[in-house]
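By written order: A, B, C and D. Residues from 1 in each chain.
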Amino acid sequence: MLIIMGLDSPRKDIDKVKQKIIELNCTPHEIPGSSKLAIGITGPTHLLKEEDFQMMPSVQEVVRVTKKFKLVSRQMKNENTIIEFDKHTIGGKELCIIAGPCSVETREQTFEIAEQLKEMGIILFRAGAYKPRSSPYTFQGLKEKGLEILAEVKSKLGLKIVTEVLNSQSLQSVAEVADIIQIGARNMQNYSLIEEIGSLQKPVLLKRGMAAAVEDLLLSAEYIAAQNNFNIILCERGIRTFETATRNTLDLNAVPVIKQWSHLPIIVDPSHGVGIWDKVPQMAMAAVACGADGLMIEVHHDPENALSDGYQSLTPKKFKELLSKLNELAPIVNKELKLYEHAVSL
Amino acid sequence: MLIIMGLDSPRKDIDKVKQKIIELNCTPHEIPGSSKLAIGITGPTHLLKEEDFQMMPSVQEVVRVTKKFKLVSRQMKNENTIIEFDKHTIGGKELCIIAGPCSVETREQTFEIAEQLKEMGIILFRAGAYKPRSSPYTFQGLKEKGLEILAEVKSKLGLKIVTEVLNSQSLQSVAEVADIIQIGARNMQNYSLIEEIGSLQKPVLLKRGMAAAVEDLLLSAEYIAAQNNFNIILCERGIRTFETATRNTLDLNAVPVIKQWSHLPIIVDPSHGVGIWDKVPQMAMAAVACGADGLMIEVHHDPENALSDGYQSLTPKKFKELLSKLNELAPIVNKELKLYEHAVSL
Amino acid sequence: MLIIMGLDSPRKDIDKVKQKIIELNCTPHEIPGSSKLAIGITGPTHLLKEEDFQMMPSVQEVVRVTKKFKLVSRQMKNENTIIEFDKHTIGGKELCIIAGPCSVETREQTFEIAEQLKEMGIILFRAGAYKPRSSPYTFQGLKEKGLEILAEVKSKLGLKIVTEVLNSQSLQSVAEVADIIQIGARNMQNYSLIEEIGSLQKPVLLKRGMAAAVEDLLLSAEYIAAQNNFNIILCERGIRTFETATRNTLDLNAVPVIKQWSHLPIIVDPSHGVGIWDKVPQMAMAAVACGADGLMIEVHHDPENALSDGYQSLTPKKFKELLSKLNELAPIVNKELKLYEHAVSL
Amino acid sequence: MLIIMGLDSPRKDIDKVKQKIIELNCTPHEIPGSSKLAIGITGPTHLLKEEDFQMMPSVQEVVRVTKKFKLVSRQMKNENTIIEFDKHTIGGKELCIIAGPCSVETREQTFEIAEQLKEMGIILFRAGAYKPRSSPYTFQGLKEKGLEILAEVKSKLGLKIVTEVLNSQSLQSVAEVADIIQIGARNMQNYSLIEEIGSLQKPVLLKRGMAAAVEDLLLSAEYIAAQNNFNIILCERGIRTFETATRNTLDLNAVPVIKQWSHLPIIVDPSHGVGIWDKVPQMAMAAVACGADGLMIEVHHDPENALSDGYQSLTPKKFKELLSKLNELAPIVNKELKLYEHAVSL
């Protein structure tokens, strides 16, 4: 349930509403919009009555949310959620580009790629220090050592860091380095971890699980929002179907569906989605054309020798060509590719 | 197997090669390109030896085709197949747009929509006279009466007709009206019908089945090509997955895969693909952005009262807005939206 | 809608009800049960009112059918449909076993297998004369010649023939030989063909399509029932999923679902379902354990040299071992394995 | 890679082999069989040469393992792994039955069901104290309180406890109560947690993820085996497909596949697999018929008022009927339903 109040409602009226919600064994969540203030309610809301709130001072409207997910639904908040980083944003007009190698392999490899990306104007750098791998015998990431390298990339090059966390034990150290904490597809329903990450109040990149319906993805996001953390970026990265021509089936249909059902930003990872580098640029273009707020793309300067997922990585050269095409495409879908401003002078 | 010869090879050399293929119990297919002539060979090719052909006059090269599909593979013919209609083409630079209602419902409804589309410059008009329906108790199309209406649209408005055929019995009468004969998703593995349609040598629009891998689709196309009919337009229209947020899962990944594996044009039907009109424009844009040669879109002037699939049809107004966006997008992916030239003067 | 009358209702009362249905632009279907007579109604039944029939003589009850499929639903007819063949039945207590090679390859191969099966007491012999194949370059069956061989098996050995029909053109000749006409998975939504086969009033074996939900299968069966042909045997043969460890994913869950939703018999084809011979016996046992009315199993005396699907065929020896296990299992699920009575004396 | 030695090889020969493996930067795993001792090798085994070991004393054979999973593969250990509990076993001749409610709801409810099950002779009791739920607003289990109730069931009734762990934080307290620690489908690829659980050396019940291929399941099991913990029970519980007639698609094909690929026991959970109680008995029978080593079944004395998954729970009465049918079925597939011996005297 949702209580709509004026943005300029007196604090005492707002607190009275929140107090009443708590008395009724539910939890209030303040969700400020540009013209209204919404108080989202979660908990056993089926026990609440609209009349309990309709006559309270400053209350303009009481709305039932029909979806299973509440706080992340478009019904709860009509305006797009926009996440801010210094001068940059995700979820608004700006097209967000996250790029980098699958894994931190060595200090040299990481800096090599990070520097090339910075030169192109990229702001958000991705690379895994902890890697979830289906076999225990394959490269599992440099772990702590990898985080140290990422911290150095951050301090020396000024790039923002997006990196995955696999468990509670390493969450603190990942959170110290990461500007955006990534939850991978395999952990999309690891609710314990999600809740714990959500409670840190840092931006979270939540990837769709391989067998997750869009509704499931939004319910997982709800676990984060229920911690009063709305800094959530959803990520479509391919689902499992019978088709074997591509590694996964990138489900771009999820983009307009999520835009309709939720106020959260949605980006697309075509690298995992198709799993073969030579089809990544086409699917990246398609993702933006259907309304994605951004892209997450694997870039490696030496794909053949990458320790993980090399076959789905673009070379910096191919990636630059893609950026140039995206720059042409963005304005057609009312987006803007805003690259790091001193890019050329590096 | 594939025999590459010079384009200007003497006819007697070509005939000698074809004669030899026939003697070896295989079938030759002449596939002329812009600089070379290829003789495709189908049948028990594992019995053939490269040496049988390498020394024959005018033969430049002998190539094994490794895919299960042969004549439709990119290995067999490197250049894109371009299908020509008067001054228009499918598979080349021109972006092909097929539009119209799901079904012919009445003469009035059909002309109403067709006239509006013609005014927008649309050349290819789609509408079903025969409708395959999962329940025997729902509207099955106007059948012969529907074909008559389509024939009138063709003669009076000069539009080209795309319409589906369901069986051998009505093939002749469909073929008289249709400029492009459509094979629906449910019949993609009805090989008897496909072969019979293929043998008519008319352009065929082959829709991907709901559980068909891209390889299966190309193998079905191979049944048509094996009749020496290369006028084949493939169509992605959504596959069946666990996701229920959309009617089907439009698999745009198939577009770059098909572009790599085959020389045939591939178009996309976002109306069936997502199944909800308000997500059709986004997916149409995405389809073109990832390299599709065209679109097939359902348009109805009164969707709420459509006899079939109204909820996935765009109104003419929405469709026109989409055309305008596509016109902006096309040049970025090296395509051109060429509409009917006297559009405005109608 | 369904009109329930006494079994001994006077013919004139029955005819009066049927007459009224026709007047209301719907179609009546007599469905006799063991204690009641039901008149099923199809067509625009939403226009009918219960009151139209309730007061008519001999009418006991008027029932709405809520499923999309009507005549084949358990609501329409509570008792199991039992199909009779001489002294044998499908859909009752008897466990039906259909066995034989994928294809008729030669007269010798067919007789070799048929004779061994007859010796084991098998009554229903399967073998394809027309084979739908995903590639146009693989063996497509002996066609007319194959039917002749099957006719000879029938006349000489007295086996009943189950064989697939692919198109309208060959339907007449298939129907002359076949005791049960098979519609393959690829043609499950080829409604033209299904309707035509249904109208012949012969038993039909309808295989589930690879992407067909149980509801779709029952809707296809409804096309046959709407021809007043209730001799329909449904067949589960595996669906397409992401799992590649087996050729298809045999969906045994469909068996109890169909038993609940429909009165039609359901058999299982584990050979196509798992696609690897060494897992066929286990899945055959499972099928019977969960309530299937029978099995359809590929048997070949020389699987390595079979022209199609050899890797999923049991040898006669393995098949005999399976029969012996099935014989132990059947009584536990209230079935009986009734083999050809003079089996041993052959 | 695998080194086969005699069971009675001198310890010094065994140690020499293990020493050599360690020198080559790999890890040795002793896997004793009934007639041979195998030393499994994991790590960068592609660097090892057969010749390094072939001539060492007591070594009989050196074998390459071709599957991605190694220690859990049938190649590595030909005999079935049998897990022992007092006088009972899982993976051998005994058919293992795990039963109980989805969740611990109250002390009364838990004892009510546990006592009825004990009376029927059930030894392994399942109930969740921690429940992973797709929505944050649904019942998440009684947590610590639930574990206390389970501990009481264990001490008072002598039942063995099977219960799920969701995270590292509660692992220690779950492990104190649980005789078998369950890893749910949603955590099948939560490798951090799996590894940590595996290292406890207690029996682990590993459920297949909804989008996990059998190979993925075995690779997850490999994470446990790599901790030298072979007490692993695999569990098939349904995968996600397009079919919506059942909650999931119980994939019984996985049973014979796993029996062929791995030496680990495999049980089946038909309650989650079909998700509707009235189809659970049929699928339970089918699971045993195709070779499963056991079943995990939800039983609730008051399903309509269960706090989770009531619609898929059997009543004790229905469950008892199923036990009786399983008792008839077991010997046919060479199994034995061994219930708690003092069952009747309780």
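FYI, a residue touches a chain if its C-beta (ideal position, glycine included) is under 8 Å from a C-beta of that chain, and two chains touch if they have at least 3 such contacts.
This is a predicted model, so every value here is computed, not measured.
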**Request:** Using mean Cα positions as chain centres, tell me which chain lies farthest from subunit D.
**Result:** B
**Item:** Listed pair (A-C, A-B or B-D) duplicating the C-D contact set, over half by residue number
**Value:** A-B
**Prompt:** How many Å are there between the centre of subunit A and the centre of subunit B, using C-alpha atoms for each centre?
**Reply:** 38
**Prompt:** Can you list the subunit C residues in contact with two or more other chains?
**Reply:** 211, 239-242, 244
**Fill in**
Listed in rising order, the residues of subunit D that touch subunit C in the complex are 211, 213-215, 239, 241-246, 249-257, 260, 273-274, 278-279, 282-283, 285-291, 325, 328-329, 332-333
**Prompt:** Along subunit C, where are the residues that touch subunit A in the complex?
**Reply:** 240-242, 244
**Item:** Contact footprint of subunit A on subunit D as seen in their complex
**Value:** 42-43, 68-70, 132-137, 166-169, 186-187, 189-193, 195, 209-211, 216, 219-220, 222-223, 226, 239-240
